[in-house]
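Consider the two complexes below, in which chain A is the common component and chain B and chain C are the respective partners.
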Partner chain A sequence: MSLVAQQLLLGVLIGGLYGLAAAGLSLVFGVLRVLNVAHGELIMLGGYAAFWLFTLVGMDPFVSLLVVVPAALVVGALLYLGLFASVVRFSDETRIKNSLLVSFGLGLSIHALAVRLWTADERSITTSYGGRALTVAGLAIPELRLLSLAVAFALIALVHALLTRWRWGHAIRATAEDWQAALLVGIDVRKAYLLAFAIGTGLAAAAGGLVSVGYSVSPSIGLEWTLKALIVIVLAGLGSMMGTFLGGILLGVAEAASAAAFGGPYREVVGLVIILLILVARPQGLFGRS
Partner chain B sequence: MLEVQNLTAAYGDFPALADATLAVGAGEIVALVGPNGAGKSTLLGCVTGLLRPRAGTIRSDSRDLLVLHAHQIVEHGLALVPEGRRLFGQMTVEENLWLGAFTARARAVRGESLARVYGLFPVLAERRRQLARTLSGGQQQMVAIARALMTSPRLLMLDEPSLGLAPRIVEAIFETLTAINEAGVAVLLVEQNVRAALRLAGRAYVLEAGRVVGEGRARDLLEDPHVRRAYLGPLATR
Partner chain C sequence: MTGRGPRPIALGAALVAVGALALAPTLIQRDDVINFVFVVLLSITLAQSWNILGGYAGQVNLGHAAFFGIGALVTRALWFGGTNVIPAMLAGAAVAVLFGLVIGVPAFRLRGAYFAIGTLVLAEILRITVSNVFPEISTLPTATIGHYRLTDRYYMALALAVAATLTVAILTRARAGLGMRAVREDEDAAEASGVAALRLKLTALSLSTALVGLAGGLFAYYQISYYPQHPFAPNWTFDALLITYIGGVGTLAGPVMGAVLYTFLKEYLAVRWVDFHLLIFGVLFMAIVLTLPGGLVDLADRARRGLARPRRPRD
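Then we have the complex of A and B:
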């Protein structure tokens, strides 16, 4: 029993990262109506950035978020201007198709570059406090992963606050709902797109940094994380940052539960089953609006 | 205020506007009437910068609008109440209104603007915390007009504001348009309710198959045989 509880707990902890990974992709998809399948590669880049800052200059991975995330905002803005600004000029259907092509190419390029620069080895950050764990009611809670969950939640809460309180946050939400109506009230929707893409990239990089400390990064993790993020988006639905975070935790718990019930190899199956069930029963997602 | 000259627009190979010329002077109410598919909404789309014309010029107070982006045209003082209202349905009434005051020029006076639109539509003040999509059709139309007014326009354009509304509500909304106009805002009204539109407007244009086929004082067009036959019906006596 306690073994199962322990696994479910670990599921919650990784679920927070799923939520963070999905939040950025969800924001970009919801606002720009483009699907960036290179999102996982952006997570991977964030992971390597944290890894190298730790390895080369000894920067603590949680401190390095203060460097990595702002840098990712800039990278996101440049990626938008260089690649996606031309995609959002098209009608909605063409946008999706073109964005898939563009971002698939981007993902392959980043992957190839990462293998070339950093080899295909798995890397992870081992901090001095990495092995510590709290014990609560017989359950061991790894402090590092608990801290990662807290940071993930704080970042989601920050973005939620930006979207509901900041002037341009309102503009981003308005653009997501109806970009032509947004233009008609005088919002420069290209700027809203740029901001949303930059924030989405920042969230991806933050998720990557947390992955490199609690788990590990290698050039090939991109696709896996894009898939996790997509599952969470289908599960949670669009339009709510907190809903996405909860969706991530649900996926983490569901994976842990199926691993406990059917064995480790079934961990990856549960997400795909969730997609099927949600698409049949509640296509707008658990927390999404129809 | 607004000068549209020789405007030609098309969707792919399908022509929507051919050489349309129209003007709205400061403080005027101008109606633009015509059948479905005549190009009325296309014309508004070109003026607001949502659509790009093939040829022609659109100027406002000697400013070339064709070089401006849609959001800059709002900043310049032209606002559109689009067909179907296009509210931000997941947001409250007041959030919709604040978004109307997004541009720097509108933001500077947003407190006064809000008081003014709540004065015009008191029911919106009562419902300001309600999600826009949960309002009735008439109230949604009021939010759409109020949101456009929050941009501090000098020209307010409306695309079929009476669509799908009960006659009593249409009457109330048209009365409000008069009040808005009396406060110094020029109005360009696109309407399928031709009789009501011509009664409200000072001047009017008739658009058919992308061409301006009639123009003049609204009062005269109400008596025009072609207009009466095509838009007011054979039994039109009033």
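Then we have the complex of A and C:
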């Protein structure tokens, strides 16, 4: 019993990262109607950035977020201007299709580049305090992962605050609601798109940094993380940062439960099957607005 | 390329090419060359099958590997079990179509990303499950290796590539193909003018998954040993999309040209840099999607028109 409880606890801890990974994708899809299937590759790049900052200059992975996230905001803005700005001119349907294709090519390129630059090896950051764990009610809570969960929550709360308090946050939400109406009331929709994409990339990079600490990064994790983020969005719907965070935790727990029930190799499958079932049984449930 | 059938010159060239390819094994006695042409032909089938659904009916399939893998898995299992290889391949294609419809029927009632996500997810589920259920490498029995004949595989690949290309050729002229393109351009307008959009999308999906299922079956018949999850790997989807877009999506000749160019460069680059071709083609792919949606075929067309009528103002 305590073994299962331990697994579920670890599921909650990684679930926070799923939520953070999904938050960026959800924001970008909700606001720009751009489905960025290279989101996982952006997470991977964030992970490598944290890894190299730690390995080359010895920067603590939590401190390096202060470098990695601002850099990712710039990268996101450039990606938007270079690739996605020309996609958002189209009507909704063409926009989704073209963004899928462009981001597919982007993900492929980033993956191939990462293999060239950093080889296909798995890397992870091992900090001096990495092995410590709290013991509560007979369950071991790895401190590192607990800290990651807290950071993930803090970042999501920050973005939530930005979207609800900041002037441009209002603009982003109005654009997500109805971009034509937003345009009519004088909102610079292009700038809202740019900001949303930059923030989405920043969130991806932060998630990557945390992945490289508690878990590991390699060039091929991109697809896996894109899929995790998609699953969370399907579970949580669009439009609520906190809902996305909880959706992530739900996925983490569901994975842990299925690993306990069917064995470790199938932990990845449960979320994918959930998407497929929702798609077949109740397709309008994908991407519902909450 | 739209509407008109192939020009007589193009038709003649195609016939000559197929004739030359049919004679190749007797003229060229080198296995490496035949193997290379086999890969080109398999790539043509892979890309044309994607093209039918993605290029004509406009539905983006991000899990083409799922159907290739199903074809391979079913064919290999039946063939090893004693079934003749052709019925085994047909069974593989039928199962691939079945899986396609499971995703397509619900997803096609909606628009947008549903089908792309459904296929992407299906491919991952199958890849992970197959690698768990069949972790051992699958190798031909020694007796079969003893009388393995490359030319049999080669001719099947040629027949399949011709069949896939003919299917697309028929679609460029047939009413169904016109309807598919109408759905691709504007589904609402197509339906308003009496096009049965859902039925045409499902037809395109069935043709596409049947052909790629056969291609997977051929792979299972051709490859001496591989891990059963290998045909489910995302690479097969990458190949299909890259080839189709670089050559020219929604055209007849595009996937053929794309397959030749892609396989040449892939093999050439692999000598020194494994997988480097993915970086080059990934960037090229983005550039084509954003700036040259007609691919190489369109580029060649424009160049030809430009040469023929140098002073004609742009219309």
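Keep in mind that, in the parts below, the second predicted complex is superposed on the first by the 275 of 290 C-alpha atoms of A that agree within 3 Å, B and C clash if a C-alpha of one lies under 4 Å from a C-alpha of the other, contacts with A are read in each partner's own complex, and residues count from 1 in each chain.
The working rule: a contact is a pair of C-beta atoms (placed from the backbone, for glycine too) under 8 Å apart; a residue touches a chain by one contact, two chains touch by 3 or more.
Predicted model, so just to flag it, every value in this text is computed and none were measured.
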| item | value |
| --- | --- |
| Contacts of A:His170 with chain B and chain C, given as first, second, both or neither | first |
| Partner chain in contact with A:Leu183 - chain B first, chain C second, else both or neither | first |
| First, second, both or neither for A:Ser86, with chain B first and chain C second | second |
| Touching partner for A:Glu268 - first (chain B), second (chain C), both, neither | second |
| Which of chain B and chain C A:Glu122 touches, first, second, both or neither | neither |
| More chain A residues in contact [chain B versus chain C] | C |
| Which superposed partner A:Ile96 touches (first chain B, second chain C, both, neither) | second |
| Touching both chain B and chain C, residues of chain A | none |
| Residues of chain B defined as touching chain A within the complex | 48-50, 69-71, 74-75, 79-80, 82, 86-91, 95, 98-100, 102-103, 106, 147-148, 150-151 |
| Chain A to chain B touching residues, read off their complex | 167, 170-171, 173-174, 177-178, 180-189, 239, 289 |
| Residues of chain C that touch chain A when the two form their complex | 58, 60, 62, 102-103, 106-107, 109-114, 116-118, 120-122, 124-125, 128-129, 131-132, 187, 234, 238, 241-242, 245, 273, 275-276, 278-279, 281-283, 285-286, 289-290 |
| Touching residues (chain side chain A, partner chain C) in the complex | 35, 37, 83, 86-87, 92-93, 96-98, 100-102, 104-106, 108-109, 111-113, 115-116, 223, 227, 230, 265-266, 268-269, 272-273, 275-276, 279-281, 283-284, 286 |
